[in-house]
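Each of the next two complexes has chain A plus one other chain: chain B in the first, chain C in the second.
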Partner chain A sequence: MFTFENFLFLLQGVPNTLAISFLSFALGFALGIPTALVKQFSPFGLGHVADAYISVMRGIPVLVIMLLFHFGMAGIIPVFKSAFLSATFALGLRSGAFQSQIFRGAINSVGRQQMMAATSLGMNRWQAFRHVILPQAFIVALPGLGSEIALLIKDSSYAFVLGVLELTKYSDIVRKATRSFLYPYLIAAILYIMITFPVANYLDRLGSRLKTKYGLR
Partner chain B sequence: MKTAAPLDPISFIISFVTEYYPFIIEGFLTTVEMTFLGLAGGFVLGILSALGDVYGTKLMKVIIAGYVEFFRGSPLIVQLLFFYFSIPALTGLNWDAFTAGAVTLMLNSGAYQKGYFKGAIEAVFKDQLMAAKSLGMTFRQTLTHVVLPQALRIVIPPWTNEYVSLGLSTSALIVLGIRELTNISKSIAAQTFRPLEVYLFASAIYFLWITISMKIFDWIYEKVKIPGLEVNI
Partner chain C sequence: MGEVILACEGLKKRYGDLWVLKGIDFEIERGQTKVIIGPSGSGKSTFLRLMGLLEPPTEGKIYFEGKDVYGSGLDLNMLRAKIGFVFQEPSLFRHLTALGNVKLGPKVVLKMKDEEAERKAMDALKTVKLEEWAHHYPAQLSGGQQQRVGIARALAMDPDIILFDEPTASLDIELTWEVIDVMKDLARRGVTMLVVTHELGFAKEVADEILFMDDGRIIESGPPEELLKNPKTPRAREFLRRLIGGV
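And then the complex of A and B:
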């Protein structure tokens, strides 16, 4: 029988799910902006490196990256002895590639004329980028970042395969303990929807509100 | 596999591939098979729910919105476990992991494809619907001769993204014990004690498969696209 106590037990998986998703989002953010800049300006011909990073991350399942880190590389990199950190780094690394695409799209959506206008006002290229292009690009990127967070929250469930005690793992434990085959996963699914929906929706609306406020396309 | 001295990575990969290649091929084919089953089922579900959402009644729209939100808002792993365990418990019907996995992939992909098809159907301009009507075409004729021929071309680029993401998500089928590429790699890694090389090799297979498929879809799109009608969905 599935009881209220089981539900409360299930909820204990939520903090780890949130921790994996938000830590990997932060890592992806830290990797995504430099990658977008490298791809945009290609200093020292590094653009191809960014290209390779993005297409490799786009072509491999994140679960395989997690397994590679946790089981394949724990001997070389001690951090990967932890299943939690392997999952977080795998998701973060992939998110960096995805977020760089979001930022690049956003940077390109800010017209080239603004760069010309800023440089004609005496700013150098970096100042123009930092003070004119980037703040606008960030607003344009908000909806994309919202769906990226939602994707990370959902894909944090792959950590279940490594045995991390997150929401999916807890629902699996409850299913085994109660032999209730319907509720544990259904409630887990509803909890995931309740977490992803507000986050993605909020950033989407914030994005369009700020776009209207600052008159961006 | 018993060897006296540990092999260097390259010779190890060669030796395990020669030893395990039937399993690797089986795993890869299962991955591809599941991807295409999911895409084909999702294609039908996606088109039907997109048409229902654009032209249907209010009740239909609510049901479709619920379906899409459930499958896009929750993780594929949870959906797989949910359907695999709950359907036998609810209906007494015994279904194997392969069927459960394929059906869940279809439902999941349908929810994503619905969004792409809806965007593509809406991209076919409203004036064209009026023009078709004024020529005396019925709704069904308009759909099959005016809307879908254009929408199915416009949808190819976003549809390629769905192919990529569904193809990579098939690795989630490991939770049902289906012997697809990731699961096979896990077994081989456990048997050979060389997870690094095995997973790198699996990554390379996935990467080549996805990259080549994307090139093929790009080529198809270039062949069939309508010049001048490039719409971003």
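And then the complex of A and C:
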């Protein structure tokens, strides 16, 4: 029998799901912008490194990266002894590659004319990026970032395999304890939607609103 | 003779196999206004971008206040800060208000304090008669207002010269007038200006010299009354006949 107490118990998985998703998003953001810039300018020929990073992250299932970190590399890198951190880093690294692509598209959409105008004022490339290109690119990137957060929230469920006590793991525990096969997963599914929908939808709307306000394409 | 602000010698520019500029000698003194006219594709905009140090020449030299720009390891950004540029296409920073646009250069490039940059920017906006629109975003301004903010953005840097690349080419006629009026006002105040435009009224009233460009060269130049009334070259004569006659 699936009870209200089971539901409350299941809810305890939500904080870890949120923590993994948002920490990995933050890590991805911190990696994504520099990667996009390196790919754009290729300083010291580093563009190929950025390309390689993106290809590798696009080519490996994130579950395999998690397993590799937690079970394969914990001996070398102590951080990976933690299942939680292994999952977060795996998702964050992949998200960095994905976010770099989102930012690159956004940066290109801002256009050369804006760069030229900044240059004509005497700004160097970095100043132009910092004050002119990135603020606009960020607005253009908002819907893409919304989808990326939704993807991370959903894929944080893979952490279940490492034994992290997040939403999917909790629903599995409830399934085993109650022998109720439908409700634990159904409730988890609804909770995932309740988390992903507002976040992605908010960023989508914010993006369109700001685009209209600033006349961005 | 006044001080020469900007000059070039044997200036050439090539894109791929195409020579867009085929050897230009030019100079402009402090306080002068010079106007460039010529058919599209004659290299006017390219010439202006090169003089604004936004693109390097393929051959030839550019001098800013007597110094060889590309030949003596000068800091290009320092020089660009002293050369204002007003573009044909809308090029205001879209995420900033009119005031934000105008004060960004003084703040970021000239390292002014915020209040100082803001005062400077408001002064420049007053000069183009847009102080009441200071807190509007570019998307809320008309094309003419946007171009005037663009002029204010250049002015706020206290440039030694301002280059205008067909600033009214994409504007309706009434909007063209408001921009031209601001430019005439600047010329009368003694701002050094190099202007690509087909507004011959502007050229007649304030230009010290008109340069006619065709096929990557300046093929004729002279004071407005002379060049507009009695063009010597057949190309200029033909071009002006069509421009004025509208045929």
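As a working rule, the second predicted complex is superposed on the first by the 217 of 217 C-alpha atoms of A that agree within 3 Å, B and C clash if a C-alpha of one lies under 4 Å from a C-alpha of the other, contacts with A are read in each partner's own complex, and residues count from 1 in each chain.
FYI, a residue touches a chain if its C-beta (ideal position, glycine included) is under 8 Å from a C-beta of that chain, and two chains touch if they have at least 3 such contacts.
Values in this document were obtained by computation on a predicted structure and should not be read as measured data.
Asks: When the two structures are overlaid on chain A, which partner does A:Y202 contact: first (chain B), second (chain C), both, or neither?
Replies: Neither partner.
Asks: Tell me the contact category for A:Q127 with respect to chain B and chain C: first, second, both or neither.
Replies: second
Asks: Going by the contact rule set out at the top, does A:F41 touch chain B (first), chain C (second), both, or neither?
Replies: Neither chain B nor chain C is touched by A:F41.
Asks: Identify the partner contact of A:R58: answer first if only chain B is touched, second if only chain C is, both if each is, neither if none is.
Replies: After superposing on A, A:R58 lies in contact with chain B but is clear of chain C.
Asks: Between chain B and chain C, whom does A:K213 touch in the aligned arrangement: first, second, both, or neither?
Replies: In the superposed model, A:K213 contacts chain C only, not chain B.
Asks: Looking only at chain A, is it chain B or chain C that touches more of its residues?
Replies: Looking at chain B versus chain C, the one contacting more residues of chain A is B.
Asks: After the superposition on A, what does A:Q113 contact: first (chain B), second (chain C), both or neither?
Replies: second
Asks: Quick one: is A:I139 in contact with chain B, with chain C, with both, or with neither? Answer first, second, both or neither.
Replies: second
Asks: Under the contact rule defined above, give the chain A residues that sit at the interface with chain B and also at the interface with chain C.
Replies: none
Asks: Please give the residue numbers of chain A that touch chain C in the complex, ascending.
Replies: 113-114, 116-124, 127, 131-132, 135-136, 139, 212-216
Asks: Help me check something: in the complex, which residues belonging to chain B touch chain A?
Replies: Within the complex, chain B contacts chain A at residues 69-70, 73-79, 81-82, 85-86, 88-90, 164, 168-172, 174-175, 182, 185-186, 189, 195-200, 202-203, 206-207, 210-211.
Asks: In their complex, what parts of chain C are in touch with chain A?
Replies: Interface residues on the chain C side: 52, 54, 77-85, 87, 89-95, 104-105, 108-109, 137-139, 153-154, 157.
Asks: Once bound in the complex, which stretches of chain A touch chain B?
Replies: By the definition above, chain A touches chain B via 55-56, 58-65, 67-68, 71-73, 76, 150, 154-158, 160-161, 168, 171-172, 175, 181-182, 185-186, 188-190, 192-193, 196-197.
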